Amino acid sequence: MCSEFEPRIIVFACNWCSYAAVDLAGTSRMTYPPHIRIVRVMCSSRVTPEFVLKALAEGADAVLITGCHPGDCHYISGNYKTLRRYLLLKKTLDQMGLGDRVRLAWFSAAEGERFAQFIKEFVKDVRKLGPLSGGR
Amino acid sequence: MSVEEVKIGVYVCHCGKNIAGVIDPRKIAEFASKLPGVVVARDYPYMCSEPGQALIEKDIRELRVNRVVVAACSPRMHEPTFQGVLARAGLNPYLLEMVNLREHVTWVHGDDPEAAEVKAKELVSAGVERVARLEPLETERIEVVQNALVIGGGIAGIRAALNLANAGFKVYLVEREPSIGGKMAKLDKTFPTLDCSQCILTPLMVDVANHSNISLYTYSEVESVEGSPGNFLVKIRLKPTYVDWSKCVGCGICIEKCPSRVPDEFDEGLRQRKAIYIQFPQAVPRKAVIDPDACFYLTKGVCRVCERVCPAGAIDFEQEPRYIELKVGTIIVAVGFDLYNPVKLYEYGYGRYKNVITGLQLERLSSAGGPTGGKIVRPSDRKIPKTVAIVLCAGSRDKAHLEYCCRIGCMAGLKHAYYIKTSIPDAKVFICYTDMRSFGKGYEEFYSRIRSMEDVYFVRGRPMEIFELPDGTLQMDVYDQNSNRMLKIEADLIVLEVGVVPPKGFEELRKKLKIPTSPEGWGLELHPKLKPVEITTDGIYLAGFIQGPKDIPDAVAHGGAAAAAAITFMSKGYIESEPYIAEVNEELCSGCGICVPMCPYDAISIVEREGRRIAKVDITKCKGCGACAGACPSGAMQQRHFKDSQLMPEIVALARGI
Amino acid sequence: MGKIVEINPITRLEGHGRILIFLDEEGNVERAYFQIPELRGFEKFAVGRPAELMPQLTARICGVCSWAHHMASSKALDDLFKVEPPPTAKKIREMVYNAFMLEDHLFHFYILAGPDFIVGPKAPKEERNIIGAVKKLGAEVVKKIVSMRKQLREVEALIGGKPIHPVMGLPGGISKPITEEEREKIVKVARESVVFAKFTYDILKKAVVENERIFDLVKSEEFTHRTYYMGLVDEKNRLNFYEGKVRVIDPRGREFAKFDAHEYREHLAEHVEPWTYAKFIYLKKIGWRGFVDGEDSGILCVGPLARLNVADGMETPLAQEAYEEMYGMLGGKPVHHTLAMHWARVIEMIYAAERFRELAEDPEITSPEVRNVPREVPTLGIGVVEAPRGTLIHHYETDEKGTLKKVNLIVATQNNIARICLSIDKAAKALVKGGVVDEGILNMVEMAFRAYDPCHACATHSAPGRIPLVVEVYDSEKKLIKVLRN
Amino acid sequence: MGKLKIAFYWNASCGGCEEAVLDIGEGILEVLEKAEIVFWPVALDFKLDDLKKFANGEIDVSFINGGIRLSEQEHVSKLLRKKSKLVVAFGSCAHLGGVPGLANLWKKKSIFDYYYREAPTVKNPRGVVPSTKTRVPEGEIDLPEFYEVLKPLGQVVKVDYYVPGCPPPPNVVAKALEVVVEGELPPRGSVLGASNRALCEECPLNETKPKELLLKEFKRVHEFVPDPEKCLLAQGLPCLGPVTRGGCGAQCIRANMPCTGCFGPLDNVEDFGARAISFLASILDYDTEEEILKALEKIVDPVGLFYLYSLPSSLVRDRIRRK
């Protein structure tokens, strides 16, 4: 049944790079699977791990955190904080068997195509993992 | 904070067929009308149109709608538009939430309308959840410094600087070379009019030097950039020239006596210059510079000839880099381009065969001020070439090198054929092209003019490989798609019209200025059609080649446009302060101090308040990234408009779905 | 089809202890079962944790003897990281540990067991509770008891951070030294505690030894089991709570084994029954022979009486006196009378108080050298202490980073459970005959059970000294014919 | 009006919470002037049947400690809920799940297999494990069911108030009892007896924090001797003071050991561990994945560190892939 399961993926996107990349994917009419839902923040550093766990707890099968490439943060260093939190969150979730449900990826405003490609791959991977709900 | 009951209006845009072509906006509005707190939900062909906006205004006035969801395009496109609508209707503009149905749904899921509709509905319901919890925000006006910084003294930068200066703004022009002028200064003539490049450029260079509103810093680079739009603080590094320019008159005696020789960059290495040199005859400023890597004294510790001969006593080996700080409201980036490294085109033998040269080198050969005084010879033996092959798209339009078109090679190639034919009338010229792109004003005419010249042959195809014969003559096979014949061409000189790339050092500069780039590394404009000079940061603009390949007319126009944008920004005189700043709930704050180092702008400090330590945010410094809120262990630190209480319900709605 | 008598105490051993008595057709006891319905799985969920967390994590096994687990764990860490604590660290550990043993024992003697002796086992049940005990002892004495316990708790908090679930324990020592001012407070408490312990011993003697009825009861066959005994002894084979070798004696008092904690696996094994969550510890070399006593059964006993039985004497003078007195009056070693555990407990109180004072007065106790930082790569660590209720062993195995891979815990009360079952079975068989359930059974079973002070985390749960019991008697048609309550 | 009727009960707890109540000593007497304890199997002779006799809501307040691990515990808790006007979750286990909640990383089967079959000292050739019904020669014995996971009280019955701590220190217990007895109750769902701000506020070492608290490395408690006069976090120890509710008086820190978070999160924090992860990672002063991961090697057991007391109340509790 996992083969035909339609995952639900929450994507956190920063206003300046990754959200712009998602827009560009649209402007360039790239098609990608409709399983993602974008939450827009000004900077990925606003995303606290609590948001990620909330998404997983409320029905998301996976979460993707996105931001500007290292060195390109619109706020100088926000994405480094995101990276630090992600790596510790991931390590924690690995212990709970949930590590592969959360990812971090950088997208510049120009990488609409890469974003579309990434989502195709990610959706494929999450399909393989199967639904997260019903852990109890 | 208002206690009045939340009344949400949802407005679904068709965006012509862009949205309505995939999903039915009526269905979305119908769905939205049943969501909690929604008092009205409408759809309209173009919400951003005047009547569309009027629709929203009317509901705010008559139905007392106090929260607005616009389900249309990206907020990065029209959020300001609709915030304006709310403001006009007397509602706080930040009680708006835009749902991105176009870029995030219909444009990308056209292949799956059912899924697109579900996604659209879910995004709308999340938007409603969020908007219900938004709070009115106030901003304040921050004054904009009435100075501009222009980085790069090429033709685009010069044009921008002059326009700004003439409009009455103080301009700082920073150029890393000893002289302004850029690539254009190296050209002999410009296509298609064949004006003498120097003759039209030099006057502008002189204007810059003499303009009372322009301070010129050549041989200088941007060290660091701080501050925010309207109030940038820029540190400039003045590299040591080892010559006191206030004394140097540019007489050139030092240059004659200098014993050290190195290849001359300005002449594209076609001749040698001295360690102490003036970049080129028309240089502005016309001052000498000592090349520290070539100078015997600075490298080996002996010589100092120049010092002895300088009548003005201008030589100063003690010079150190100097730094100056500039406060500017806007920054124009006009750093131009470099040629693609032709050595990478191995099969063309550049660097291995003396007689394979670049178009720019031909410009120098053809230029009266050049190494040969304008006489076109072949480098190996200085013989007059009788057969010359010009290869277009050298590195361009080639997935192995540069996928994009350089936009100047075709016309330059034609111009170069003209150089050859005028200086060597009996020469044969072969032009190997892929497509002849003569799109500009007067370009096509120039093309047919060259085409009609005698002994100019157009070969449609790229040479496979170039070989050198013992006498330095070159040989190449080209398959001509026009005649469907394999041609074997023997040439005395081969000119490569090499592709173009972002200039060396741009990568560091763009990081300092936070300029987004396209995959090829060119500066990325905010909108490819509508905002060609703007970038994601207000007050910083792109001018000329750095935004992407351009010929001179386009670069000049682009430079002017950048100046106009900067002028507009500064003339307004102020900008609104950041609305999405951080705020502390002092009741909850334990003064743990975790947030302090989170702030890249040093806006947070721990202060004493009624005997308690608590965090305090300096709202003039806060730029609204939310890093502090993301780190706060107690939830005392929140970011306005992106509070936990506003994001969590949105996340929950999206995670649960409908 | 036989009858079932279910004694369902609301008290518990880390859960509700429960006694089921099965009768045969004649209404005689076929067998009594003692059940412990509680499991939390510490040994499993400790895996993956960093070893240094264990003193705090295992303390949560029992909020009453958290000090015992904290201490056994700290010692296991010394062993795991191969680091010797500085002398002062060891002394502080042993000092606070003795203070804790005293506090724990006094609580049990006065609040739990007290009523049985002070008021008397055959006294009307309305009086045989803490209220009755208070009346008998007088408000003054009670104040003394309360204040003593309070002061001992304060010493525990001072040194351990918290009196319950302390945090001081680290491989190679403790988290902070003792200042001179602190020591003064401690010494004061320590001295007072010795006086208090002696005073308590007098109360015991008056109540038990000088009261023939109770003395006979102590020696009665219903409360006697000839089993093996186990406890820690120092190099002179004297009793020690904090360190030493584990010594086992057989029912005839001969040394059966003396081993280092590292060899515990060669000597101890655990038996599993499907009807309870508790595991039964027995002597591996003898083997599990079911719920029977005697030399051929591996069932053993730990705790105060066991410790005195395995020790050749006490290291402190007053305790040694009392020790000799008890064995003198009970006819030499070993003593098999379950109820003598109370006596032994009070003798241990004297020892704990004396040792506490001795260490508090030790000039070295305030040295700032209380930690050696481990340098070795951890592999395996085993730590042992004597908990109030008996021998407690912590066994850890880790990877080179000190992350736990395997954990095994031999918890004091587990050692006794088999014997507790025997006691209850015996009491039941003695008192339920021909379907007639003597009301006395409640009290007898209760006393037998309480003597072990089964993991205090439970015992406290019957503070008034009465395990509330319900006895339901069913006839062969499973019809309820009688309900008894105490 | 008559005295307030109070009940105490325990579930899967260690008994520490009972001791904590006894440790308020004289304080209990003041309470007893205004209230009578009608059910406290720990201290007084009351049986479930007696509890059943109460009318619904007749008991004013029930203080319940320990998590719910066995069917019996769920049963009694629900009964108490029915009989009580207010239910107070007492101590970390009832509040958040507590230390035994770490068992929720494993399946019931794994726990049984290790404890009854694989442990080094177990001799169990027939692989016997306890079961809810056992036939013995004499008849049948039943045993309460051991659930797949342990739950805090609030996930089994509606809880009105919480008293934090492992165990709740005397001052907190006293304060909590006082507000209940005096009837000065805050809004439902509040935490009683503790602070509404993080521990740092009352920590004696808070002032010693550097202006910019950034760390180049994390340390483990056994690896070095921290300076008792300096903020332990600033010295590299993962002290959870910043994310933990205050009120305990920083007992552990005064003993020169870092806070492990037994008081749990503050009011508007949904997941204690997530916040702890965020603040601790944020102050790690590295920007490359390699350097960060290197420094994180010292956090050998994130779940044990960040969820020592609260795994069963983590947001993702139902999502955990149990081993």
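By letter and in written order, the chains are A, B, C and D; residue numbering begins at 1 in each of them.
Keep this in mind: contacts are C-beta pairs under 8 Å (C-beta built on N, C-alpha and C of every residue); 3 or more make two chains touch, one makes a residue touch a chain.
Model, not experiment: these values are computed from the prediction.
Chemist: Is the number of contacting C-beta pairs greater for A-B or for B-D?
Modeler: Looking at A-B and B-D side by side, A-B shows more C-beta contacts.
Chemist: Between chain A and chain B, what distance separates the C-alpha centroids? Give it in angstrom.
Modeler: The computed centroid separation for chain A versus chain B comes out at 29 Å.
Chemist: If you average the CA atoms of chain B and of chain D, how many Å lie between those two points?
Modeler: Whole-Å distance between the two chain centres: 57.
Chemist: As a quick test, compute the distance in whole Å between the mean CA positions of chain A and chain D.
Modeler: Computed from C-alpha means, the inter-chain centre distance equals 33 Å.
Chemist: Where the CA atoms of chain B average out and where those of chain C average out, how many Å apart are those spots?
Modeler: Taking the mean C-alpha position of each chain, the two centres sit 79 Å apart.
Chemist: Name the residues of chain A that each touch 2 or more other chains.
Modeler: 48, 50, 54, 56-57, 77, 81, 85, 95 - these are the residues of chain A that touch more than one other chain.
Chemist: Residues touching two or more other chains, restricted to chain D: which are they?
Modeler: Residues 105, 269-270, 275, 278, 282, 301, 303 of chain D each touch two or more of the other chains.
Chemist: Spell out, as numbers or ranges, the residues of chain B touching 2 or more other chains.
Modeler: 598, 627, 630-631, 644, 648
Chemist: Can you identify all of the chain pairs that touch?
Modeler: Touching chain pairs, listed by label, are A-B, A-D, B-D, C-D.
Chemist: For the complex, give me every residue of chain D touching chain C.
Modeler: 10, 12-20, 22-23, 25, 41-49, 69-70, 72, 98-100, 102-103, 105-106, 110-111, 114-116, 119-124, 128-131, 134, 136-139, 141, 143-144, 146, 150, 166-167, 169, 220-225, 228, 251-252, 254-257, 260, 297, 300-301, 303-304, 308
Chemist: Over in the complex, which chain B residues touch chain A? Could you list them?
Modeler: Those residues of chain B that touch chain A are 74-77, 100, 102-105, 107-112, 115-116, 118-119, 122-123, 126, 511, 514, 516-519, 524, 536-537, 580, 598, 600-601, 623-627, 629-631, 639, 642, 644, 647-648, 650-652, 654-657.
Chemist: Which stretch or stretches of chain C touch chain D in the complex?
Modeler: For this pair, the touching residues of chain C are 2, 4, 10-11, 14-16, 20, 22, 30-31, 33, 35, 37-45, 48-50, 52-53, 56-57, 60-64, 66, 77, 81, 146, 150, 153, 157, 160-168, 170-172, 175-176, 264-265, 268-277, 279, 281, 284, 288, 371, 373-374, 395, 401-403, 406, 408, 410, 456-458, 460-464, 466, 468, 470.
Chemist: In the complex formed with chain A, which residues of chain D make contact?
Modeler: Residues of chain D touching chain A: 105, 149, 269-271, 273-275, 277-278, 280-282, 284, 286-289, 292-293, 296, 299, 301-303, 306, 314-316, 318-323.
Chemist: Mind pulling up the chain A residues that touch chain B in the complex?
Modeler: Contacts found on chain A: 8, 10, 15-17, 19-20, 22-23, 25-27, 29-32, 34, 37-43, 45-48, 50-51, 54-60, 71-78, 81-82, 85, 108-111, 116.
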